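I'd like to ask you about the structure that follows.
Chain nomenclature is as follows: A, B, C, D, E and F, assigned in order of appearance, with residue numbering initiated at 1 for each chain independently.
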Amino acid sequence: MNMKRGFYIGRFQPYHNGHQSVLEHIAGEVDEIIIGVGSAQLSHHPDNPFTAGERVLMITRSLSLLGCPFYVIPIEDIQRNALWAAHVRSMCPPFDTCYSSNPLVVRLFTEAGVDVQSPAMYEREILSGTEIRRRMLSGEPWENLVPPAVVQVLKEIDATGRMQQISRND
Amino acid sequence: MNMKRGFYIGRFQPYHNGHQSVLEHIAGEVDEIIIGVGSAQLSHHPDNPFTAGERVLMITRSLSLLGCPFYVIPIEDIQRNALWAAHVRSMCPPFDTCYSSNPLVVRLFTEAGVDVQSPAMYEREILSGTEIRRRMLSGEPWENLVPPAVVQVLKEIDATGRMQQISRND
Amino acid sequence: MNMKRGFYIGRFQPYHNGHQSVLEHIAGEVDEIIIGVGSAQLSHHPDNPFTAGERVLMITRSLSLLGCPFYVIPIEDIQRNALWAAHVRSMCPPFDTCYSSNPLVVRLFTEAGVDVQSPAMYEREILSGTEIRRRMLSGEPWENLVPPAVVQVLKEIDATGRMQQISRND
Amino acid sequence: MNMKRGFYIGRFQPYHNGHQSVLEHIAGEVDEIIIGVGSAQLSHHPDNPFTAGERVLMITRSLSLLGCPFYVIPIEDIQRNALWAAHVRSMCPPFDTCYSSNPLVVRLFTEAGVDVQSPAMYEREILSGTEIRRRMLSGEPWENLVPPAVVQVLKEIDATGRMQQISRND
Amino acid sequence: MNMKRGFYIGRFQPYHNGHQSVLEHIAGEVDEIIIGVGSAQLSHHPDNPFTAGERVLMITRSLSLLGCPFYVIPIEDIQRNALWAAHVRSMCPPFDTCYSSNPLVVRLFTEAGVDVQSPAMYEREILSGTEIRRRMLSGEPWENLVPPAVVQVLKEIDATGRMQQISRND
Amino acid sequence: MNMKRGFYIGRFQPYHNGHQSVLEHIAGEVDEIIIGVGSAQLSHHPDNPFTAGERVLMITRSLSLLGCPFYVIPIEDIQRNALWAAHVRSMCPPFDTCYSSNPLVVRLFTEAGVDVQSPAMYEREILSGTEIRRRMLSGEPWENLVPPAVVQVLKEIDATGRMQQISRND
């Protein structure tokens, strides 16, 4: 296979500008991108409010102008780190390189013999899902931290309503 | 949401011309198609030889000229029919209509309040994964039953070699 | 604890007169009966058409005049025979005796140190869920094989409609 | 079905007077009550000391004079919020209304199209399993916070002995 | 690591002379042997009557004079072929070579980059667990097909009693 | 069975001198020792860095001079305390006595009818996996807290490298 594919994974709770800029960078280096949506089975939890399907939608719409073909693949947790790389590979088209700065992801793919790239720029992301979820809960502005398509998806599903409801104390 | 999305599911072991013609038909009726790759966790078995990732690749390449945006989503089994419709919906962008002639799929989505379409034409598919796998095992021609892109993927992964090896008696 | 409790398990797909007569017999021997609804997670399958909740309803209504207090407890499969007796006991109030003529149930409870009773009469049940499901599918009369309350529940949920739909060939 | 059924869920570690008063209130509004025993698979843990079967026993005995028919159904966790409402419904007889003030339960049933009631009174429960377990561990009086039948069950199973043993540091 | 380890897997229901002769052969080629006890979670079933622990005992006692250090490791099924080789490796000390004539095992380890040996002699085993179980059920002699230590273990656990009981029709 | 077997369980992350001295003590009291490697499915996590196979290797090499036959058995978690004792017993050869000072282990085996011994000396272990992992991460000396064979195994697998990598913040 002569096509070069890159793999990128996140939980995307929600997908934000940091993810977008990393993917735009990867788009310049590979022929196709595979985006794994991690912890796909989780939703309706303060730290993981959105379903895999909602996250697939945010990502796909935000990348409509990427100019590089991509796959968006929900990846359920398997709760066994030693099997995780094999699990990811079974769910995705074959890929050559994993792009990640997450130390565990780097370790597991390296042990599995996959080439891993974690250039300095990925380290610099000050954007985080945690911060965006905090702002959504507290009513502070968050819309400028995510692509416009994500704002639209989150409004369609009344994301702040869901988050505020499930974060309330019993 | 004003966009109309249709859902179609199969195991795609392998993806074949019957699936392709159904999807071309659905493409004329909806704005976006979601293709669920069922039993995603299975592979390397005589009845389920290909990984979810390999099936995603077959489908995506075959639909490159479809002219209708689509999502290809691996769906792992949950072994509980009463939860299956909710499981599928959690993994997929929201959809309005399920296109299926599988009686269980029809039943489960209908009970879940999803509109299901199963027009006569889907019934008529004489093509089947079972027949294609039989031909691959016995060395009979099968290439004319699948889209050209599937032939290419199956050759790249030495599909007949794998199938013949795992189907041998111990 | 001076109270004597008896345990009885089945899949109850559906609950029928054979089950009813066994339970009426047990009612004469114990202070309270625990009825385990096995394979609770299964439904919408030709051999296991009804949900645990539907089966709980059939049983509870049929026993309204039993004159012996009873518990109806869904028991999900755990796929490990060596753990099954411990699993059942964790889900049920403490019991002294298991009433069963199923050889595996007898074996597993005996190994777990539970007293098991399987008097000849339980052997003689000619009634079976298999036969009742066959009749429901083929349109033959089945109503006389189950308690009247079960007829009512199965009509409320359109049981024959569901069974005929999910048993159809794809 | 003309019968109105209400659903109420808790972990009941242990069942206490707050649960009892809520159920007595619900008894005045419905024909039958379904009581779901959540996290049914957990036991022998400081936060979840009692088995599902022990909790079924506490509840059933405490409600012997309720004057409203009820079902007590163990519900195992499925670790997927998006499927939880379907899971509960598959294990229970059909119900119309869920009574809950737990924000996540409210959200998940509302999304599943179930009517949810959470009147002010449920909010006011100052009783909590956490407080009762703390008292049982520290040797403070707790018996007045639970129905008399629960005191009896907890004594029969030597609940404080178990809790003190499993809460000790290694 | 300079030590050469060989891996051999079976279900060992029960362990028999065919397994023994293969292991004696492998003992001449490696420094240490790892014996994986497959489908470790299964027992008390006609095709899988013995627990993992019972199988560990049969194997360990039979190999007491092997003259080559060995490990006996229960391996639970994970129901995902694409992850199986990684699963086995996570449960075992590192090994260089898998000895197997099972086509699926050969395939999965080969894809995982493990050296696999399946010399002609392994093919020739006429002994089989199926045949031994058949004889145990029917009361025909089976003792000469297994090592003496296995005869002893099977007597200690009343293996024929268990098998005959669980194989009886309901 | 006249042979007396003792069971001992730990997570062994890593195996250390405290475990070794307990096992040397048990060796004087029984004919054979079974060592259960708990949470066998976990690895590559700051609290559980090593695979079951790596832990089996550490233990086996450290006990080469024990002078008492022993079994080393990976035990995967089942997340249900009420079933845990039955789970352990299904994976191990039959045993008479469990040696443990872990309160939950003591409780679960006692409830399952197994004799449990927890002599004062096991209480006194000041050695702990937590402390050793802390030292490995911070670069402080830890080698004197584990048997020499463990030092060797941990070097072969570059344990400190792995631990430092997976413990880094994202």
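Just so it is clear, a contact is a pair of C-beta atoms (placed from the backbone, for glycine too) under 8 Å apart; a residue touches a chain by one contact, two chains touch by 3 or more.
This one's a predicted model, so the numbers in the text were calculated from it and none came from an experiment.
The interface formed by C-D recurs in E-F: of the pairs listed in A-D, E-F or B-E, only this one shares over half of its residue-numbered contact pairs with it. Set side by side, the interfaces D-F and A-B show unequal numbers of C-beta pairs in contact, with more at A-B. Averaging Cα coordinates per chain places subunit B and subunit D 42 Å apart.
Measuring from the averaged C-alpha position of subunit B to that of subunit F gives a distance of 46 Å.
Taking each chain's centre as the average of its CA atoms, subunit C and subunit E sit 37 Å apart.
With touch defined as above, residues shared between interfaces to two or more other chains in subunit F number as follows: 41, 43, 51, 80, 82, 89-90. Those residues of subunit E that touch subunit B in the shared complex are 79-82, 101-104, 106-108. For subunit A in complex with subunit D, the touching residues are 41-45, 51, 162, 165-170.
Listed in rising order, the residues of subunit E touching subunit A in the complex are 78, 80, 82-83, 85-87, 89-90, 112-113. For subunit D in complex with subunit C, the touching residues are 1, 40-41, 43, 51-54, 56-57, 60, 71-74, 76, 89-94, 156.
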